[in-house]
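Have a look at this one before I ask anything.
The chains carry the letters A, B and C, assigned in the order they are written, with residues numbered from 1 in each.
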Amino acid sequence: MRMNRRRGLLLAAGVLLASRLSAAETPPARIASLNLGADEILVELVGTDRLVMVTTFADDPEMSNIVGRVPPGIPRVTRAKMERLVELRPDLVVVSEFTEADFLHLLTTSKMKYHRVQMPSLDAVEAAITELGKAVGAEAAAGALAEEHRRRLSDLDRRLAGARRPRVLYWMEPYTAGRATVMHDILERAGAKNLAAELGITGFAPLPAERAFAADPDWIVVRKEGSARTALLAHPMLSRLAAVRDGRIVEVPGRYLSTLTHHTASTAETIARALHPDRFAP
Amino acid sequence: MALLALAAALPLVIVGAFALGSVRLPLGGIVDVLASRLGLVAARPLDPTTETILWVVRVPRVLLAAMVGGGLAVVGAVLQAVFRNPIADSGLLGVSSGAALGAVLAVKLGLATTIFFALPLAAFAGAMAAVALVYALAHSLGRATLHGLLLTGLTISALASAVTSMLLVATEEYRVKVVLFWLAGGLDGRSWPHVQAAVLLILPAAALLAVFARPLDVLSLGDEEAASLGVRVHLTRLGLLALASLITGTATAIAGSVPFVGLIAPHALRPLVGSLARYLLPASFLGGAILVVIADLAARTLNEQMDLPLGSLTALVGAPYFLVALRGSERRA
Amino acid sequence: MSVIETRDLVVARGGKTVLRGVTFAVAPGDGIALVGPNAAGKSTLLRALAGLLPAEAGEVRLKGEVLPRWERGALARAVALVSSEDDSSGAFTVAERVALGRYPHRGPFLPLTAADDAAVERALAHTGIEPLGGRRLETLSAGERQLAALARGLAQEPEVLLLDEPSAHLDVGHQLQLFRVLDEARARGVAVIAVVHDLQRAAAWAGRMVLLADGAVAGEGAPADVLAAAAAADAFGVRIHAHAVPGLPHPLYSFSEPTR
C-alpha cells in the first residue's frame, strides 16, 4: 500500500468518524471486485487487506494502474465464478453498470450485497467514487480521492484558459467516441474540440476512414500500446493527413483508457500536455 | 438394454455433477443440504456456504444442463426424421439466429442490465418470432414443402445474423462482451427461475414429442407414403416443428448457443437403440442430458478464472466426433 | 361388384388438368395393368385412387362410398399405395419399415399386437425378404428396397393394392417374383392395379389392361385386345406386332417405328 502520511491520517480519521456515525453498520471487511475500474478505486480507498477478489486485468500493464499492488494471494477472475465468489463470503461485491440484471438477482439470492459503480460522464466520476467510498466505509479516503480528481481537472481548466482549441480525433480504429461519452468530456477538458461530436456522432461508434480523412483533424489521439500509430502511418488514405505527416499524434497509455476512475484526470493531463505544451511550465 | 443403461447413468452423472465443481464441498455437507431441501429433516445445522453454493448455484445449473442437453438432443432426432436428413439440427428453422438477435437487442437497449430475466425473455421472443416468420413465409405460396421450409429457414437465419452483426458493430465494447458470452453459450449465472422456465416449457414439449413417436416414424418414410398410411402430413409436421421450436427457443434463451448436441446424441445412439423414435427420442434425451451435464462440469472446473463457454466445449467435442464418425461411415460405404 | 371404381374422374395437378373424365371399375381379385405413354396421367390416377389427390369433377368410389366420405384411417386400411420412389430415411431396418405398414390399423398410440407381428411376418415371407429383416435400408440394393416397400404395402393388408412401376429397379428374377407375389395377393381377394411400363410384362401378367392416353381411357380389356387396337398404336406412336409363340400362353410383342 503506497499511501502517504497525510492520506493515512485522513483515512484513520475517516474510519473513526465512520465507525462513530454508523455503529450499527460495520464497513465491509471482505470486498470482491468484479470490475477493473472498481479494483483501481478500491485499492486507493481501502488498500488490499479488505479485498478478497479482483479481476485478472489488474495485473495487465497495458490496462491496469495498479500492477503489482495486489498481492498474489488474492484470487483473480476474468468473469465471475459464482461458486468461488460464494466461497469467499464477501460482504460486498462491486460490479459495473454493464453487469447483467440476472447476475445481480443471483447475487441477491445468494445473500450477497452488491454495489454498482455507475459513471455515465466525467462529471459523475467524483460522485461515483464518493458513493463507493460510502459503501465500503471509506468516506474520507473517497472524499480525498474525489477532491484530488476535481483539483487536477480545475487546474487544467485554469492552465488552458483562453487556449485555442484544436480539432482532435479520438481514433480506436474503426471506432471513435462522439457526444455523450466520457472520452468526449475528457477531450473537452483537455482543451480540445472533439471532432467526432462535430461530425454529429453520439456514443461510441464506427467512423468511416473517408469521413475522418475529409474532416482533417488537427490532432489524433490513439492508444500507445498496439500498432495504432504504425497503422495510421501505413494507412493508404489516413497517412496523408496533415496531422499524421507532421506527427501530431498523441499516444495515451492504455491504462489511462481502459477504465473510468480517478485516473481520467491523468488521461486529460496527458492529452492536454501534448496539445498545449506551452501552457505547462517545464 | 442401452436405454436402461442411459436411464440409470443420468441420475448418477447428475449427482456426480452436484458433488464436483470449482469449490470443493464436503460430501456430508452435500448430503445434508440435499436431504433438508428435499424435505427430509437434517440432523446437523447447515453450513451456509455449502448450502448457497450447492442449492443456489450448482443444483439449478446441473438440472438446467440436463434439460437443455436433453431437449436439444430430442429436437435433433426429430428434425433429422422430419427432414429425412442426418445432419439436420436445431438451428435449421432460424431459432438460434432469432434468439441471438433478441439477446443483442436486449443488451443494446440496456434492458439486460436493468430488468431481471430481460435477456432470456428477449431471446425467447426473438426465437419464436423467427420461426413464425419462417413458417409464414414458407406457407405464403401454398403448403410448405420440406425444401421450402429448409430454404426459408436458412434465409431467415442469415437475415437475423446480418441484423445482429450490424447492431453489434454499433454497440459499446462492454455490452458487446455480454453478447459474446451469451453467443458462446453457458449456464453461469442461471438459477431457479431459469429452471422453472425449462421445466414448464422444455420437459412437457419433449414428452409430447416422444408420445408422437410413431407418426414421426411414418412421416420419415416420405410425405406421400405417410399420407397413404393415413397420417395428416402437414398438420403432424407443423405440430412436431412447433414443439421442436419451442424447446430450442427455450434452451437457447437460457443457455445461449449450444451446438452439436442435437447431432451427436442421436447419431451416437442410433447404433445402440435403433432408429425407431420410441426408443431413439428417450435415448437421445438421456444421452444429450448426460453430455451437457458433463460439458457444463468441464466448463466450470477447467479454468480457475472464468467459466469456459459451454457452446465451445460441445463444439470442440462434437466436431472431432463427427470427423471420426464420418470417416468410419465412408470407409464402410 | 366393384371394390373401387371411378366415374368421369377429372383431376388437376399444378393448375393443369391431367385426367379428363376417367371411368373404369375394379373387382376384388382383379389384376389391372395401367399402361400408357409418359405424362398420360397414370401416376395421377393412382394417387387419385389412393385419395391423395382430390377430384375436380367426377368421383372415386371405394366399396360404394365416395372417397371424401371415407375416414382417413379406414381409407388407409383399405387402400395401399406403393411407389417406386423411396423417399424414406435409410436408417430403419427392413422389419421396422414393413411394420410401419400396420400404422393404419393401430394408430399413433396403440402398441402392435401379435396379429400385427404376424401380418408383418407374412408380408416379409411373401416378398421373400425375410432374411433381410434386420438389415438397415441404406445397406440394401435398389431392388431389395423396392421389395421392402412392397412388403410394407402387403403388411397393410389392404383390399386394394396400388403400385406405381413396382418392377422399376428389379432384375428379371425379382420381377418374376414380384408378379408372383401380386398374383398371390389377387388369390386372397386383393384388387391389384399396377402401372407397368414394360408392355410385354404387363401383357403377360395382367388379367385386364387399361390404356390411358392424354388423361382419358383409350382402351380397356384383355391385354391382347387392347394392344391390338389402333388406339394403342396411336397412344404410343409405334406399330405393335403380336407374335404367337407355341408353348407360350400369350403373344410376344415387338414394336417398330411407324411408317411415314
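Just a few scattered comments:
Here, a contact is a pair of C-beta atoms (placed from the backbone, for glycine too) under 8 Å apart; a residue touches a chain by one contact, two chains touch by 3 or more.
Nothing here was measured: the structure is a model prediction, and the numbers come from that model.
Nearest to the common centre of all protein CA atoms is the CA centroid of chain B. Farthest from subunit B, judged by the mean position of CA atoms in each chain, is C.
Taking the mean of the C-alpha atoms as each chain's centre, subunit B and subunit C sit 44 Å apart.
Annotation: 81 Å between the Cα-based centres of subunit A and subunit C. Between subunit A and subunit B the centroid-to-centroid distance comes to 39 Å (mean Cα coordinates, whole Å). If you check the complex, the residues on subunit B that touch subunit C are 80-81, 84, 86, 211-212, 214-215, 217-218, 220-225, 227-232, 270, 274-276.
Interface residues of subunit A, counted against subunit B in their complex, comprise 56, 75-84, 86-87, 89, 96-106, 109-111, 203-206. Across the complex, subunit B meets subunit A through its residues 21-23, 48-49, 52-53, 56-58, 112-120, 169-170, 172-175, 177-178, 181, 188-193, 300, 304-307. Of all residues in subunit C, only 47, 50, 52, 72-73, 75-77, 79-81, 83, 85-89, 91-93, 96-97, 100-101, 103-104, 108-109, 136, 149, 152, 156 touch subunit B in the complex they form.
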